[in-house]
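Both of the next two complexes hold subunit A, though its partner changes from subunit B to subunit C.
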Partner chain A sequence: MALILQALRYLVYVLVFPGFLFCFMTGLLLCGIDRKLVARMQKRVGPPILQPFYDFFKLCGKETIVPAAANRTVFLLAPLVGLAALVVIQLFIPVFRFSAFNSIADVIVILYLLLIPALSVIMGGAASGSPYAGVGLSREMVTILSCELPLLLVLLAIGKVVGTALGTGICFSLSKIVDYQMAHGSLLGKLSMIPAAVAFLLVIPGETGNHPFDAAEAETEICEGPLAEYSGAPLGVYKLSHAVKMLTMTSLFVALFLGGIGTGIENLMFQLGLSGGAAGAVAFLLEILVLFLLCAVLTFLTISVVHAVTARLRIEQLFKYYWTVVAGLALISLVLAWYGL
Partner chain B sequence: MFKNLIKESTGKSPWLFHINAGSCNGCDIELVSVLTPRYDAERLGFKLTGSPRHADIVVVTGPVTAQSLDRVLRTISQVPEPRCIVTMGSCPQSGNVFRGSYAIAGPLSKYVHVDVDVAGCTPKPEAVIDGLALATKILAEKRGQME
Partner chain C sequence: MNMLSLQHFPIYSIMVLFLGAFLIVVFGRSKVVRHSVALLATCASMLFMMGLIKPVMLGGEIISYWMGARVPAGGYAIGIALEVDALSLFFGLLVSTVVFVACIYSIQYMSHDDNVPQYYTLFLMLAGGVMGMVLTGDLFNMFIMVEILTFAAVALTAFRNTVTGALEAAFKYLVVGSIGSTCILAGTIVLYAQMHTLNLGQLAALIPGNLTTSTKLAFALLFIGFCTKAFLVPFHPLAADAHGAAPASISVLISGVLTKSGIYGIIRLTYFLFQSMGLGTMQFWLVFLGSVSMFVCVTMALAQHDFKRLLAFHSISQIGYVLAAVGLSTALGISAGVYHAMNHTIFKGLLFLAAGAVLHETGTTDLGKLGGLSKKMPVTTVMFLVGAAAISGIPPFNGFASKWMIYQASYQKAVESNNIGFLAVTICALVTSTLTLASFVKVTQSVFFGQLPKEYENVKEVPFGMRLAMGILAALCIVTGLVPNYVTRFLTEPAAKAVYHVGAYINSAMGAGYAESVMQTVPVAAEPSFVQHGVWSPVSWLCLLMIALLALTVVATSAKYDKVSLGEATDTKYQLFYGGEKNFYSQVGSDDLFWGFKHNWRHYFSFMHELHSGVVNDYALWAVVALALATLYALVVL
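== the complex of A and B ==
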């Protein structure tokens, strides 16, 4: 009986919250907010907030064409693998105090899982047999290579700060990082973490493949690169993955740098004399709302504003930018962390 | 319910693909102006795509020259169903000033079913948005008739 209940709970985690349904709703909503904000910044009315939902359902209803030159199995499975990896990451990222599986995963696992969506784009593009996809996937490879170094340095710096405080040298456990922030305040309050936070914010548009770092999917020059041959539902899944990736990256930032602020909703409700199951559920829903609002603000700062004010970078400019400016910021942070600041 | 959702969404998310079949560039510029802040067709969900595989509505400009005919037909056949074909300007509809020329293979309706014609040389952006909005309605109907 207990085993069945446990299995049911995990099923709810995977399918509803913080798994598939949560990713689907909030990811597409973030994407819609981003498009609306970009439009407002360009003095346009902009599409409705629900536009990404319409796009996704429309693509589900379109014919799926598999090119004659394509490898059918890889071509159709690659988008699903990418989406599944993103949902798995979301299971590991804590929502303030709540986390589905955080005790068994650390930051290194998330780093590996973050590579899989990019790899699925590369695999799908390579399987489609289109020359545009060939150009696009080589650029996608350079993009993930560029983003990986700064991201790794940021995570090293965080691990060093938390590890020094806990006396274990270096610590990559996500739950320990969040617990540390609960006890000592958010990591953003530390001097050594400020350059790392800026570097992480700069990595977000690169990881999600947004302007100005979208050389891999440049629709005006290489027909959306790896996605050139995709149509119908598989294309919809790729668009969904792109939206979920915004949620993943922003909520990872919230967990890594803002975890300690907490929401205080639980305490507030306790003071108002509200406690018990129903009040706990309401507090939990409010915390999810706070997380979503934080993600929306971060999306606005890192994706919408940057999209509205920049033009697309060439691939070697992108590489140079990440390996000098962003990696430099992360390196400063790492050195400061080493001196215990 | 799911089927209805898809049909509703098809009418709200039309993605455009633009084919230049020997156009003088006048209509091409006007089509882009439809997406600029002044007219902002994105508020109706329109988006210019880079690949015919992503498109719902194909916008053809130009008089369909003999050289471009084969390419136009091949590109249109790559667009997944349901799809709508919209001709923009007088050229693909009648040949316009190029009518009777040895280099012209048009009008386009001789070769494929054209859903909406937007006439004018060049049509005003308002007329283009009107034609595209009509095409989205046809698109949703086509989706409803599928299966």
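== the complex of A and C ==
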């Protein structure tokens, strides 16, 4: 009986929260907010906030054309694998106190798991046989390369700071990083972590492939690169993956740097004399809401504003930018963390 | 003594290979005979090695076998010994398994070649040489085995001597390989003159007390000798040439087996003979060399446009990982290093076999000429993708499991020793992994995806034997990646522990109490710590992914996802989008890719291009310079 309940719980995690349903709703909502904000900043009216949902369902109803030159299996399977891998990553990212699975993968593994959705885009594009996709996947790979170095420097710095504080030397477990922040305040409050946080924020648009780091999908020159041949439901799945990735990256930032914030709610309720099952549930829902709001703010800061005020970088500029400016920031952080600041 | 007792297994597993080689010379004219002899010999060798798993790996025994029963007398070991501890057995297992798989593959792969009996003879000689080298307990015997394997490898490199560059590659290999062998011989001579013994156990007991200038010189000589066998920087250009020209089944052996013998030699030399486990200068030396090899070779690979040459450079890059991890000289580091050595053997073997399959069907390995083969060779494509994901360190394949341990080990070492230098190794390893991914994306796009050239329209999938060989290795890739706990517990941790048990090795060779009587301080076998700080459980992850994928597929099929419209190429709707222009053959692959990266590194790449002149004189000069540097380092710093 207990086993069945356990299994059911895991199933709920995967399918509802923080799995598919949650990813689907919040991801597309974030995407909608982003589009609306960018439009407002550019003095356009912009689409309704729910537009990404309409787009997704519309695409699902369209005919899926598989080019004659394509490898059909890979072409159709790649989007699904990418989305599934992305949703599984979301399961490992704690929502403040709550973490669905905390003993499966730590943050360095997550860095590598994040390669799988990116690879699914590359594989899908390659399988289509289109030359536009060929150019696009080459750029996509360079974008991955660019983001990887700063991201891993940031993670190493965090591992060092938390590990030193916990006395284990190094610590990459996300739930422990969040626990540490609950006890000692957000990592953002530490001097050594500020450059790392800035670097991470700069990595977010690169990882999600948003403007100005969208050389890989540059619609105006290479027709969305790897997605050039996609249509119908598979294209919808890719669009959804892109939206979910925004959620993943921003919620990863929240977990890594703002982990302490959400716990305030429960304490607050406790001080107000509210406790017990119902209050706990309310606190939990509030925490999810706080997470969503934080993600929305981060999306605004790192994706919308940057999108509105910059023009697309060429791929070699993108690479140079990440390996010098952003990696430099992260390296400063790592060195500061090393000397215990 | 019972002929079937475990004591004899090491010698049997070497003997069957050499015996097979001679039998094929005599009776090899018949196809059936030579195939069955080769298969039987390699299979038997593998089984003998597997028979030793229980006592050696799990029981911690060390098996000494004295040829002709000439056991040491009067404190001197005159006879030739085979010494099999967990480290030797680990490498022995690797070697024999891959040799067996390569043998299965060879049967159909080599079916169109001339002089096939000679091929099998040399193949078995090479395998026997490597087996002998990793199992022997005698330094001079080790040199002989090194000679056998080097010359077999040289001959096999030039086996397809009609291929452009085969003879040149063999010649380069011969020249630099001979320099390496000569170094090993010279080092052996110097040690023998000093210690009057060649037995590894006895040497290990005597050397630490007599660290004279000559022994240090011997160290440098032997070290460089083993480096040439592992093709570490600066000997890496040889590997590229050799792999490019040799048949794929031989590339598997050269990359999977021969380089491992070099790594094995380095571990034996540094940690057993010279017992420099805790020595900072030695750690620096190994880790530095490993990191340089790791990084230089991965960038060299990015610049290649030949499938097999690209794999060759990756092979050294991965060996760099192994050396850097082993050089950390922590238990976790060594365990991670040998784990990666094993994984490298498996996935690189798989990749070379896939490259061989492409060569077998299309006749070329030029990335610029291929494309779109996934529709014609689906099985090979899947096998290749498994290997590519494994080498690029994509979870949950085996490459990730071991690289993951290497990252942790180097970071842990950096934190423990408070030395920021080791952190650079972690970063280098992480970046190299992504660069590896980039270069395999390049191969995937250039060979298997994209558009199919006209001339390959009639290409077929490779025959069953070749698919079987690839299938075995692909399955191993997945299994060893999914259960890292078992692999470390049963294979790599015993091997890593063996490195700590020098005293036991000495006593097993020379009789109990010898180490204590000769050495002032016997290295105490403290229980090494294999604590990992990382969290990664591949099986649970895979379960979650499967649930997610299943759920997604259910939703997708209940929607219209599977109602795709497929059509003929003649219908314009199903043609590729060309912006309204006329359709034409346009494969984006090979050198077209990763311009953004290469442009930023153009000065580095042009520098490397000029450096790798392809002239054997230059490479010989590099070898001499490397020897001079190693000697200087050994004499001044160590």
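Throughout what follows, the second predicted complex is superposed on the first by the 340 of 341 C-alpha atoms of A that agree within 3 Å, B and C clash if a C-alpha of one lies under 4 Å from a C-alpha of the other, contacts with A are read in each partner's own complex, and residues count from 1 in each chain.
We adopt the following convention: contacts are C-beta pairs under 8 Å (C-beta built on N, C-alpha and C of every residue); 3 or more make two chains touch, one makes a residue touch a chain.
Values in this document were obtained by computation on a predicted structure and should not be read as measured data.
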| item | value |
| --- | --- |
| A:80 touches, of subunit B and subunit C: first, second, both or neither? | second |
| Touched partner set for A:117, first subunit B, second subunit C, both or neither | neither |
| Touched partner set for A:51, first subunit B, second subunit C, both or neither | first |
| Touched partner set for A:64, first subunit B, second subunit C, both or neither | both |
| Partner chain in contact with A:43 - subunit B first, subunit C second, else both or neither | first |
| Contacts of A:220 with subunit B and subunit C, given as first, second, both or neither | first |
| Which superposed partner A:137 touches (first subunit B, second subunit C, both, neither) | second |
| Touching partner for A:230 - first (subunit B), second (subunit C), both, neither | first |
| Partner contacting more residues of subunit A (subunit B vs subunit C) | C |
| Where subunit A meets both subunit C and subunit B, residue numbers | 60-61, 63-65, 132, 223, 228-229, 232 |
| Contacting residues of subunit C [partner subunit A, same complex] | 372, 374-375, 393-395, 400, 404, 407-408, 411-412, 415-416, 420, 423, 426-427, 430-431, 434-435, 437-438, 441, 444-445, 448-452, 533-537, 540-541, 544-545, 547-549, 551-553, 556, 559-561, 563-569, 571, 573-579, 586-589, 592-597, 599-600 |
| Sites on subunit B touched by subunit A in the complex | 5-10, 12-13, 15, 37, 40, 42-45, 48-51, 53-54, 56, 78, 80-82, 143, 146 |
| Subunit C-facing residues of subunit A, complex | 10-11, 14-15, 19-20, 60-61, 63-69, 71-72, 74, 76, 80-81, 83-85, 87-88, 91, 101-106, 108-109, 112-113, 115-116, 119, 122-123, 126-135, 137-139, 141-142, 144-145, 148-149, 152-153, 156, 159-160, 163, 168-173, 215, 223, 228-229, 232-234, 237, 314-316, 318-320, 323, 334-335, 338 |
| Subunit A residues touching subunit B - in the complex, by the definition given at the top | 35, 39, 42-48, 51, 53-58, 60-65, 132, 218-220, 222-224, 227-232, 235 |
